[in-house]
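The following pair of complexes shares a single chain, chain A, combined with chain B in the former and chain C in the latter.
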Partner chain A sequence: MLVYLIRRIAQAMLVIAVMATLVFFAVYAIGNPIDVLASPQADQIELAAISQRLGLDRPLWEQFGIFVGNALRGDLGTSFVYAEPAAKLILQRLPATFELAFTALAIAVFLGIPLGVYAGLNPDSLGGRAVMGGSILGFSLPNFWQGLMLILVFAVILGWLPAGGRGQTATFLGIESALFTLDGLKHLILPALNLALFKMALVIRLARAGTREVALQDYVRFARAKGLSRSRIVGVHILKNILIPVVTILGLELGSMIAFAVVTETVFSYPGMGKLLIDSIGRLDRPIVVAYLMLTVVIFVVINLVVDIIYAAIDPRVRLSEVKG
Partner chain B sequence: MKRTLTVAALMVPALFAGAAQAQNLRIGLSSEPTSMDPHFHNVGPNNFMRRHIFQGLLTTDETQKIVGELAEAVAPVNETTWEFKLRKGVKFSDGSDFTATDVVYSLCRVPKVEGSPSSFTVFTRGIEKIETPDPHTIRFVTASPNPLLPNNMTTIGILSSKKFGGQNVKYNPAGCENLGDLPKSTDFNDPTKAIGTGPYVLTEYTRGSQIVLTRNPNYQGQKAPWERVTWRPITSAGPRVAALLAGDVDLIENPQIEDLPRIKQAGFKTAQQLSNRIIYVHLDTHAAADWKTPGIKGTDKNPLLDKRVREALSKAINRQAIAERIMGGVAQPAGDLLPWPLFGTSKDTKPTAFDPDGAKKLLTEAGYPNGFEITLGTPNDRYINDGKISEAIAQMWTRIGVKTNVDAMTASTFFTRRNKFEFSAYLAGWGADSGELGNSLNALVATPDAKTGAGHTNRGRYTNKDVDAALIEALRTIDDKKREGLLQKASKTAMDDVALIPLHFEITTWAFKKDLDYKARVDQYTIATDITPAK
Partner chain C sequence: MTDTAAPANAALSAPPPVLDAGEALWKRHALNFLKSPAAVIGLVILTVMIVLALAAPWITPQNPYDLAQLDILDGTLAPGSKNATYGYTYWLGTDDQGRDMLSGIIYGLRISLTVGVVATLIALTIGTSLGVAAAYAGGRFDTILMRIVDLQLSFPGILVALVLLAAFGRGIDKVIVSLVIVQWAYYARTVRGSALVERRREYIEAARCLALPRSRVIFKHLLPNCLPPLIVVATVQVAHAIALEATLSFLGVGVPVTEPSLGMLIAKGYHYLLSGKYWIATFPGIALVIAIIAINLVGDRLRDVLNPRLSH
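Right after this comes the complex of A and B.
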């Protein structure tokens, strides 16, 4: 397990280095930040001064060298737009994104799996078909459109929930989050639902397919013949066996929900990391974009690692092969 | 020559009834200020947020007329000296007195802002000496006559020198002395350090989420109409309108044109105002021997060097149709760089009339009976409907025989490519922050000169000695009447020569609840003290 872990971490470092290099040069290729940042009123003298202040007057290779040198010392650069450390700006946004992603994950799991299992057990019933039909809508309609429709229905027409923004936050166990206030939760429901819809549709489909397959297995028939209650058969024997693909997919999707909730965060003006990323790309704020994508790689690597560990917990065969290997 | 300013115009926001319920105001911003530091980033959202907390010596009213703020009178003493009389009894929000030293300190800090992505030094440059004969008089001595010094002073927010230990500051154009403990930009995000003389104080600044201002208890002027103002950045247009309709916010900036009927139908009001932003097409008229303009095919020469061709391209455009159909009425066809009656404009300047036959005739005269091919560069997410406008122009030009391709791209790419002279023709916009024509002419049509900063946004590299001469003279003439005449002359010369093709002035829209009123502004700023309960 230790060797495996070390190999994993080494791989991750390599990915981060390659990623940082590519992104650094790619953002440079898009355009010159000064042309976006400077006030139109700035004349040539002022433009030269800005270049100098932000270190953009140096040759690209020198800029890259400075960036690498600082990064090795743990400094990911200072935002051009905010004149604050990029890492700090991103981490400030982390709680908002995490509360959104985990709420969405919870919705996807706790609604998606039961609905999928139900549809798998009753494939020909009206309810089962309705669930499947709904799931098609879930992942074929564009995310931003779903978001706008949610706003239109629940905020504008019904007036039940706010149309966007993050609500009040409170601190609990040292974590500041909107999850701990009523106002915060009210603001969270719509964006979390919007973010969850696609994942939920995916979970429903996986759970349904898994259930249909597993329900025909010998051990299920045997369990039924043995006279086990239906709830025990479904809740233990079937559920446990359909979880492996669901966990794999959710692990990957959680990563993308954290890192790229850009559309949802934009539609609902939710001040998470994705919103910061998209704003920074628009302004060519290179330090933030580079630091952000480096952080994303770290998040993906960690999640994959956690997924592997959960596998081992769910499926004894994985544990056995690890011991042997 | 004495210019006396009407302090009253600024100090009296419309009287309002029912003060009891007028306590909270929530505003949906279309773009977020990048900092609370008044000297950090010279862009619109920062500038108008600044005005609530940090006042300037002077300010501008909704028509961009200069009015007094911390200064009650300003007059030139001689060609190179301006004297400001400061208001007495003004206090900062921490209770300390405002004096001339605070002004010196603020001007000294402007060039010292670390990591500023666009600083205010363009407005403070060229001040040789600052004299403060008494605590309520301040004189600026400039290297050369600077008629725009009062305009420049509207842009600089005044800090408290005592707050940062700078009460013994000494001005020096090369770098001031005794600055004390200069604040960093991020310090101002902390409400205890953002100390100004404005009607509001900062209460909360959560980047990306909200900015909360509350009434300044030490403010001496007319009490601000709202106890608490919450600004929420909602940068996408659709969700911003939804937030208004859902009642999350009371007023929004820049609703999309397409949404206006819906907003009105749902019982909300709008306020509109012609802005100082011109949308124009610039043409490459660079005549250097080693330069080949990049976007023209079908001829070896650069046809744009011929005035007849430029005039033909201007006549081919149906400005009225663009304003009505593409802009949905939120634009006014333009014949000058600023709308009348802003300083330097002439009442009788008319937009070039739509005349495709005349355009074709001019092209033939110029030796291009079969036209040529040109690429029009344009941003597609910067100005109202910019991409669509360029498509329309391409069709109109193609109709007179100039086959036009549109190269549309996102703003960050567009401005980089434009600044590298990659377009033979491009569409862009210009907002004259100073509200007078000298600013537009100097930026867009003056011959580019890196030393003086002239023509800094003249990326078509248009050059004309007569325009330059009149403009340079205007920019050093203190007398308003004379200067206005010179600007009118420079502008007429440039427009007659089709230095660029003006299209239209954008109209800015605000939408809000029906129990509010807003004095819509030329400079596109959203100012909370101008939002009042409807009478």
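Right after this comes the complex of A and C.
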């Protein structure tokens, strides 16, 4: 197990290093930020002063060396626009994005599993078919379009919920979150639902396929023969057995939710990391783009690593084949 | 996704298609395809959309990008309003610059479909070549290629494309390149999977025993037998590519303002949505959604027809 662990961690570090290099060179190929930052009236001397202050006058490989050295110390550069550390700016917005992602995850699980189980138990009923049809739409329609339609229906036509922004936050048990105020919750519902729809479609499919398979097993038949109530069979015997694949997939999908939050946050003008990324790309604020990507890569690699290690802990075949190969 | 994993073993027991003398395989597939009404509707809609997109310059009431034909006074007119000068009707309203939305949508469809199809074809070619080569060559090349595929597929496509476009800048060609980079890995993995199975079949052994050149074995014997699953994946990926392009353009990193795809039209209308001028964003969106659903209907049916073992 220890050998496997060391191998996997070394691999993860390698991935982070490769991605850091790729990201740095890709992002620093974007046009010259001085054109955007300096006033159009600035003369040559002023331009040179600005580019010296931002370190843009040095050769690319030297900039890369500085970037790597600083990154190892946790310093991911200073934003051109805000003149504040990029990592700090992103971390400030992290709670808003996590709040959104976890609420969306909760919606996907607590709506998706019951709907999927229902569709699995009644595959040929009208309701079951409607659920499956809805999940295909959730899968195939672009996320931003679903968001726009949510705004059009619930904010513009019905006027029930606000169309964008993050509501008031409150501090509870030392955590500042919009989940603790009514205003915050109101602002959170639409974006979270938007982000949840795609994953919900996935959960519905998994839960439906699992239910159809499990419902035919002998132990379910036996439970029925014993005269257990339908709710107990579904709630205990079926539900427990379909949860394993659902939980595995959702663990992996958490990372992609943070990536898709970029789209949702832009649609709903929600002040999270993703909105910051899109704004920074538009303003050529490279340090923020690089810092965001590095942070996301680390989040992804850590999630994958944790899932792999849990797998190896549960299933000895995985770690044995890895060591041999 | 998960449905496909379980019945993989059933492939062995599925009987090979028996053809009568003189019956072409594609004919049987075509007839089979037409048995599903949903797929036929999808195909008809798709054909109509392609024809509209191709014929755009001749059928639209207005060339939406010829500034001489635009009248700023006709800006943000509701659907059904009339053009003051020429008297034609804006069936779907106008945008802020007095552009006829119907004409804009047909031209936008043109760009969206082109980007989706071209990107998919290039990615298909690159991914297939690499995948077949990996399966045939095996060894280190195979290992390294599949590691790259795994690495790439572990990051969401939207994020990869976003980074690439942030680096490249806007442009139709750049969007296509990004989509190709995002998508090739799917094809490489799909084709490698089926090529590994086909490689061990007797006809490949026979071809090798005849001492045919390696390229001939790969392209004439191995590749055609790996095509069915690829066609299915490629059809669905066209829809993905169109959706991804629309998303990127909506985020402001995709196509330039001068060549608006459907996603760009939606992005421009987004600001008017809140003030109740729903048509600017909604109608391009509906066109986008119809195109994506039509492609998915066709793709689903193709999967059932070409790959009976995958249906359930």
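Just so it is clear, the second predicted complex is superposed on the first by the 284 of 325 C-alpha atoms of A that agree within 3 Å, B and C clash if a C-alpha of one lies under 4 Å from a C-alpha of the other, contacts with A are read in each partner's own complex, and residues count from 1 in each chain.
Following the convention adopted for this analysis, a residue touches a chain if its C-beta (ideal position, glycine included) is under 8 Å from a C-beta of that chain, and two chains touch if they have at least 3 such contacts.
Small disclaimer: the values here were computed from a predicted structure and weren't measured.
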{"item": "Side-by-side fit of chain B and chain C on chain A, or clash", "value": "clash"}
{"item": "Contacts of A:Ala163 with chain B and chain C, given as first, second, both or neither", "value": "both"}
{"item": "First (chain B), second (chain C), both or neither touched by A:Asn304", "value": "second"}
{"item": "Contacts of A:Ala12 with chain B and chain C, given as first, second, both or neither", "value": "neither"}
{"item": "Chain B versus chain C as contact partner of A:Gly282, first or second or both or neither", "value": "both"}
{"item": "Partner chain in contact with A:Ile50 - chain B first, chain C second, else both or neither", "value": "first"}
{"item": "Partner chain in contact with A:Arg93 - chain B first, chain C second, else both or neither", "value": "first"}
{"item": "Contacts of A:Ala83 with chain B and chain C, given as first, second, both or neither", "value": "first"}
{"item": "Contacts of A:Ala259 with chain B and chain C, given as first, second, both or neither", "value": "second"}
{"item": "Partner chain(s) touched by A:Leu121 [first = chain B, second = chain C, both, neither]", "value": "neither"}
{"item": "Doubly contacted chain A residues - partners chain C and chain B", "value": "30-31, 148, 151-152, 155-156, 163, 266-267, 282"}
{"item": "Residues of chain C touching chain A in the complex", "value": "1-3, 6, 151, 154-156, 158-159, 162-164, 166-167, 169, 239, 243, 246-247, 250-253, 263, 266, 270, 273-274, 276, 278, 281-282, 285, 288-289, 292-293, 296"}
{"item": "Partner chain B, residues of chain A touching it in the complex", "value": "30-47, 49-50, 53-54, 78, 80-84, 89, 92-93, 148, 151-152, 155-156, 159, 162-166, 266-269, 271, 275-276, 279, 282-284"}
{"item": "Partner chain C, residues of chain A touching it in the complex", "value": "15, 23, 26-27, 29-31, 136-137, 140-145, 148-149, 151-152, 155-156, 163, 205-206, 209, 213, 245, 255-256, 259-260, 262-263, 266-267, 277-278, 281-282, 289, 293, 296-297, 300, 304"}
{"item": "In the complex with chain A, residue positions of chain B that touch it", "value": "34-35, 40-43, 114-119, 121-122, 125, 185-186, 206-210, 232-236, 238-239, 242-243, 245-248, 410-413, 415-419, 430-431, 433, 439, 443, 448, 450, 453-454, 456-457"}
